[in-house]
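Remarks on the structure that follows.
Going in written order, the chains are labelled A, B and C, and every chain counts its residues from 1.
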Amino acid sequence: MFRRIDGGDNGTAGALSFDGQAIPFRAGDTVAAALLAAGVADVRDNPVDGSRRAPYCMMGVCFECLVEIDGRQNQQACLVAAKPGMRIRRQAGARLLPEGAL
Amino acid sequence: MSEPWDAVVIGAGPAGMAAASTLAEGGVRTLLVDEQAELGGQIYRAIERNRADPALARILGPDYLKGGMLVDRLRASPAQLALSTLVWRIDDDLTVWTRTAGTVAAVRASAIIVATGAMERPAPTAGWTLPGVMTIGALQILLKSARLTPSGRLVLAGSGPLFYLFARQCVAAGVKDLTLLDTAPTRQMWSALPLLPSALGGEGWRYLTKGVKLLAALRLARVPVYRDVRDIAIEGDGRAEAVRFTTGRRAHRLPCDTVGLHEGVIPHQQMTRSLDVAHDFDEAQRCFRPRHDASGRLSKPGIFVAGDAGGIIGAEASAQDGAIAALSALHDLGRLTDEARDRRIAEAGRVRRAHLTARPFLDRLYQPRAAVLDPPDAVTVCRCEVVTAGALRDVANKGAPGPNQAKAFLRCGMGPCQGRLCGPTVTAVFARETGLDPAETGYYHIRSPLKPITVGELAGAAGAVEREG
Amino acid sequence: MPPTSTHDLIVVGGGLIGSAIAWGASRAGADVILLDEGDVAFRAARGNFGLIWLQGKGVGKPPYMRWSLQAGHLWREFATLLVEETGIDIGWSQPGGLQFCFSEADIEKCRRIEAETRTDGGDIAITVMDRAGVEALVPAIGPEVIGGAYSTLDSHVSPLYLLRALQQGLQARGGHYWSAAPATAVRRDQGAFAVETPRGRVAGKRIVIAAGLGAAKLAPEVGLAMPVRPERGQIVVTERVKPFFPYVGSGVRQTVEGSFLIGSSHEEAGFSEATDVSTGAALCASAIRAFPQLAEVGVVRSWGSLRVMTPDGMPIYEESERCPGAYSATCHSGVTLCSAHALILGPALAAGTLPEAVSYFRSDRFDVQAH
């Protein structure tokens, strides 16, 4: 649960999607910041115990914010700049191979 | 394909920006690399976007704006910037392996300055993996980079300068429901007191005055503070809902929406560890730092460390540290006379020292409490592989000789964060169990890639070597 | 001076060979002490691929083939016993091993191995197959795979959990495990053996030197020859991936956790455990030939580890003529042979003998070859 300090809305620079839900963002937001600003509580399940995980360090060291971005899995959402039309997906457990692998 | 650089600087925080500016102004071809998309490191994060924003400037304070001068100087220098660029390996022959937007490159240098800064000391706590729990550094990064503050009930728990600074910034940003859990043992105030007089020398009085003002502002704002807090446990079903803790003999439970944890900062040692250079345990700061000489020179020829990556010194001293390493490198590269190097290093050294007078006092005052370094059995130490402190103690007590065998037996440190968030705790737990000191206990052997690159990128790296020819 | 710790059997070397012998001897009733180095040491046990790979093993060297296959057939019993006794899941499974072929020459080599194995009476079935056969087993293989060889006997294990289970199993039986206790001197003393370590002196009726590369210096102190040298192997490991390759692969395999191991190189690099980009790149390139989809998967670690190589690549097991009761044991297949070390060699050494099956592997075979 976050708010912008100016109280304004989130979507001045476009929107990305998170599991199909539209997530508006501002210029300068990382994917992780955009998701948190939109009220997304957690972004993946830990592959070992299935516990829910969310961005923790926001500086690229903890790897808790791993998500699928435009088809590429295990991307650090806190290091990737949000861009309009990006497709973000939650990851459940270990990554899958790209489509068509199986 | 690229020509070798005279110098490659890794990390665009205060140390790296100062180092790159000094090198480039000194006439050597300099490349500054950072994983982030913007200059400033974490301390001056998003400074170029924020410097002209009066609302944020008011919240973040004048010290943050000092980063603007470093950026201006860097931008005016001929140093080349490679942002959004990962360094995943450094070879002994000073090849720096990078990846930018999926492209792997091998960059040759005559000198390398590692300025990878600090990270927050891992704060293993019951419930710290729950969504809704973040580090205070992370919350501050959200403020600096996205103008975000927690909107619900916020509990900040921990100690150290950033703990109070961020609390003050929250108040200034209009955070309404804030509670502070100060974990610094009150008795440390008394043991730190003898160090206070020398802390007032140089620039130290400024740091202490800033601290006193912060505390006064928090009091004025009537922010509830619990002191000498112990036994923190965060509860919740799928996300943080409440914080339990103890003060004196009283047990407390605070409902919350967001929890910020912070127990000071330590050098981010992944890169220096991967270089296989000696690391010493700093008893005052309770962390490892790479062994280096006064100008940051590591035992590997041609490689320097500067700023917090070499031991926690703070932003202002880090900038001087970066300059000192750069001046030594310029001398090595034949661009400075002995006299010019010594004179300029002496100048930078004077400023650096002035900013370090308060450091011993602060280190003592905010020494992490025992439970941070040696958490209870049930607490998860390795977040990635979900390994508890109890499991570590079990293998230690069955004779596992140290952190690397623990990693082999339990998988702690084998997850995606590559041991960054459990390494310091694993060493501390082993040291406590075996009675050895942390230096004897040792640390994970850190290997490339420093961050994951793909199998395809590594397969293609051979081509990067050939192209380098 | 601390009192001497006295035992039936001293095992010098806490790697997979020493730990398996120690556990096996302990199961046979011996009072065993296992001496290990500290956290930082040359440890093939911590750096290997985890294969029990039998197709092609010992081709042209019948005693080695027989010993390896004997170990292979013992693995199920061994794994079951170890897991039951320790409660540690060692991640062993026997889905069979699949060797990928990318050229006619590769297929020809598999056929030759299969034929020679049959000629030598090897108790293992190897099926050489065309692409369709491989594809039927693993639909995800890359277009460059033109065939393969499959054997049901091959299996794999987590070598790290295996080591942990052996050491903890030893301790659970009352055996002793001393880490940070490298043997600094070994000698025969009044019909028994004494080992000096930083943690004190250890005495025993019998001793096994299973100290890997460290044995080269120690073994001669009790009249044993140990002509071993290091051969570096680099391995690349990926992030966890949902399971899709259920077989054992020789150069690429998916672990029980989901990570892919990609390896392993064979390099003469002295005692350097370093990695280099060109070797890692070559390993990854061949993994991608087998599974192009792996190109997108993240590499989280790589490492170099030193194999313990004898002049002919086969193990050495022998009893000292000068100091009876002192034994040596070394090989570069500590995982594959682990079952035999635990269930055959360990109990034999507890009784003061060497099993007949290893009589070929004396070090004097190198003297003969040299003349």
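Heads up, the rule we're going with is that contacts are C-beta pairs under 8 Å (C-beta built on N, C-alpha and C of every residue); 3 or more make two chains touch, one makes a residue touch a chain.
From a predicted model like this one, the values you see are computed outputs, not experimental measurements.
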Quick note, more Cb pairs in contact for A-C or B-C? It is B-C
Centre of all protein Cα atoms: which chain's centre is nearest to it?
B
Could you work out which chain's C-alpha centre is the most distant one from the centre of chain A?
C
Averaged over CA atoms, how far is the centre of chain A from the centre of chain B? Could you give it in whole Å?
23
Measuring centre to centre with CA averages, how many angstrom lie between chain A and chain C?
43
Chain B to chain C: how many Å between their CA centres?
41
Per-residue multi-chain contacts in chain B, two or more chains
415-416, 452
Could you list which residues of chain A touch at least two other chains?
74
Where chain C touches two or more other chains at once, by residue number
239, 294, 296-298
Can you list the chain C residues touching chain A in their complex?
139-140, 239-242, 244, 258, 293-294, 296-298
What residues of chain A sit close enough to touch chain B in their complex?
1-6, 26, 28-30, 33-34, 36-37, 41-42, 46, 48-49, 51-64, 66, 74, 79, 81
What does chain B use to touch chain C in their complex?
89, 91, 97, 106, 395, 398-405, 408-409, 411, 414-416, 418, 441-442, 445, 447-449, 452-456, 458-463, 465
Mind pulling up the chain B residues that touch chain A in the complex?
35-37, 42, 46, 49, 55-56, 59, 119-120, 129-135, 137-139, 141-143, 145-152, 173-174, 238-239, 257-258, 268, 383-386, 415-417, 420-421, 451-452
Listed in rising order, the residues of chain A that touch chain C in the complex are 47, 72-74, 93-98, 100-102
